[in-house]
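Letters are used for the chains, namely A, B and C, taken in the order the chains are written, and counting of residues starts over at 1 for each.
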Amino acid sequence: MTKFNLQHVVESQQFDRELIDVVFSVASQMKEDLSGSGQLRYSLAGKIMASLFYEPSTRTRFSFECAMRRLGGSVITTENAREFSSASKGESLHDTTRIMNGYADIIVMRHNEAGSAEKAAQVSNIPIINAGDGAGQHPTQALLDLFTIQDCFQGIEGLNIAMVGDLKYGRTVRSLSYLLTKFDNVKLYFVAPTVCQMENDIKAYLDKYQVPWFEETDFEKVLPEVDCVYMTRIQKERFNVYEDYVEAAGKYILGPENVRLMKENAIIMHPLPRVDEIPPAVDDDPRAQYFEQAQNGLYIRMALLYLLLHR
Amino acid sequence: MTKFNLQHVVESQQFDRELIDVVFSVASQMKEDLSGSGQLRYSLAGKIMASLFYEPSTRTRFSFECAMRRLGGSVITTENAREFSSASKGESLHDTTRIMNGYADIIVMRHNEAGSAEKAAQVSNIPIINAGDGAGQHPTQALLDLFTIQDCFQGIEGLNIAMVGDLKYGRTVRSLSYLLTKFDNVKLYFVAPTVCQMENDIKAYLDKYQVPWFEETDFEKVLPEVDCVYMTRIQKERFNVYEDYVEAAGKYILGPENVRLMKENAIIMHPLPRVDEIPPAVDDDPRAQYFEQAQNGLYIRMALLYLLLHR
Amino acid sequence: MTKFNLQHVVESQQFDRELIDVVFSVASQMKEDLSGSGQLRYSLAGKIMASLFYEPSTRTRFSFECAMRRLGGSVITTENAREFSSASKGESLHDTTRIMNGYADIIVMRHNEAGSAEKAAQVSNIPIINAGDGAGQHPTQALLDLFTIQDCFQGIEGLNIAMVGDLKYGRTVRSLSYLLTKFDNVKLYFVAPTVCQMENDIKAYLDKYQVPWFEETDFEKVLPEVDCVYMTRIQKERFNVYEDYVEAAGKYILGPENVRLMKENAIIMHPLPRVDEIPPAVDDDPRAQYFEQAQNGLYIRMALLYLLLHR
């Protein structure tokens, strides 16, 4: 196995092609083992993972905790880690991290403030995995998205990918765009309501790496062109005027009649939860890969836990 | 072992005599093993149970989680699953269930809305156990109640059983009545304040299966007649007028002086928690079986977990 | 191993010299094993610990749960045990304890009311460990404090110890004072703002056991004299007037310039969390032992869990 020289997983930018390949290779083995005999070739028996959640995010927490359990490790967990830093007691993140170093072997941290994972990593002797820090990073989500594409097409090179919905605030499409620059001949289509378009920083980054991108408003024109449609939820809380939200949310719905326009072997992704942007009628279409995508999160997290604890 | 052909445990009505016998037989073995050497003949090592609680019910959750742990399995748990369906994110129960299918081997679900377990079971490839859904079902409680009677008397046939207290809203006495129709020569006595009497649907059901039932107001007349007194808590939140509650709650108290009227080998049951309807002075009477009854919940849940995961 | 004849750990007063020696001896073995090969000579595989927290205290809970996991045991946990005794259901602590007896092998209880652990112990057939009950006891904290001193100096006899900060409300300094009377030639220095001085009951207790104690206001005069400086947090919630709090909290800060006055091999302790009373600049000084102290909690709790479950 290629050397895995990361100590913490804090942001997507840490992952170059080589690291991505190592993680995906181990994740594929995890998937193969669990889908097959159920017997894993790797074990984290005797290791303890601390779930340190400063805000609840049950889905992400479950995914990490299942990953650790599947590997035979154990878990201690809190969803109200904010208690540590509560007004009356007022402990710093540094102190909390150092104390956790004495208890656990690895920390999975969710925080409401961007930069928290990096801050914890600075003082931690045990690996930190960022499970989302505010408007900041959520690197394991970015990796599982990329892994899903790779797993479906046996490679990323040469694919056309449409990102649809809230591209402005959607953390996942931003991170995925970033990671896609590491692969050749990828083309991106951004389909978003006017108020939710992809930000310029990402566009500039794509330009720098010569990744062609196109802003489109005609959904039906894009669908036949692409190998992957990455749908996202329009987030109500981003809108001041309710009518604006309704208009934006209703603009790009991927119903069965739209799916029919897609290539036979294209895939539909969504980071979930979804609201109305993909109707349940689409779920049984073989192109719908969003539940598989969620499950891939398990394998990616198993791979990261294993690699970080067995360097 | 007789075939166990259930995929999910959603409601008491799923259990016919044959299924009940299988569950009780395995539960008895669990009890025997844990009370004896502590060495279990069954194992769920490597399996993961997800506790998906949309409302807290710590006692029920603990009982299930201990059951899974005793069998060597592991557990991921949340008491705020309602976050999944929160207004801002708005995920459907179907989606949550399908995602959980990718993580865990079995789901224990507690929900505030009747019918939720059935709804989840419709889309789930892994077993769902209903741990109570609103005013709906709580089938494992019904089974543990029945198992307690069977365990004490080595059979249910021919027993006289009094149900006392809140028979109108009490989910447990309703379900138990239902299950008792599957046994011969059982006689039921309903002792309840006027406002809490057993509903007509259950009475009609009993009639249909020719189970004799009697409504009584004279507690002391009933006590010497029965083999089992199933006490229940009058629920304050059911009453609009506080005085009505106090009158109802004070009407049928099973104190030591009442216990003295009972048969030597009769038993006292209660689904717990209790308030004042059984004073602590009764706890040391050998007829008091309510703590044993709670413990039987462990064995019933171990049996169900094992049977569902080893079909 | 000397006989360990405790059934429950409810209060510091239960521990005489002989018991302390047994606990510390096992805790040292735990520390040696985990710091070395990671292979433990003890195991609690198959045992279940119930964390019954009537109020959240994530740090303490994590410490106990890691202790149990490290020993190979499993854990069921709640931070809202108060639900058991909620107004609408109203279960007594006695009933909750008896029911838990049917599920778990040992109970770790945190409660908001003093005396709760003792109350639970009265009816429990399985061991209860008090993880703090209101203004009452927190015996495992007292033991880990004492263990830290012993571990640093290979003995307690003959040491001079300063306690600084909130000596009036600080549970830890009170309990530690109590335990220190069991060792010869210990001298205590109390350094506290006027409103937070050590209470007379402890002073009288020290007098009874002929432990010399001194009240000092001149921090810098005390520092060169002592082997251990035990800092505590001034608790804002104890003050009615904010200015009084600020004055008290600012009075005794152990900054790097103060640390320079201490003996070369002296140690700095703090029960954590800290606020401003020890600036982070001190953390790298080899005398700073507060994170080590927190980690010692793991070993002490492992030792207690093992000793209580293997009598």
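Keep in mind that, in the parts below, a residue touches a chain if its C-beta (ideal position, glycine included) is under 8 Å from a C-beta of that chain, and two chains touch if they have at least 3 such contacts.
Bear in mind the structure is a predicted one, so any value in this text is a computation, not a measurement.
Between the two copies, subunit A and subunit B, the C-alpha superposition involves a rotation of 120 degrees in steps of 5. Of all residue numbers used where subunit A meets subunit C, under half belong to both copies. The two sides are thus made of different residues.
Subunit A and subunit C have centres, each the mean of its CA atoms, that are 41 Å apart. Contact with two or more other chains is made by residues 74 of subunit C.
For subunit A in complex with subunit C, the residues that touch the partner chain are 46, 48, 50, 74, 76, 78, 80-81, 83-84, 88-92, 94-95, 98-104. Considering their complex, residues 38, 56, 58-59, 61-63, 65-66, 69-70, 74-75, 79, 233, 235-237, 272-275, 280, 291-292, 294-295, 298 of subunit B touch subunit C.
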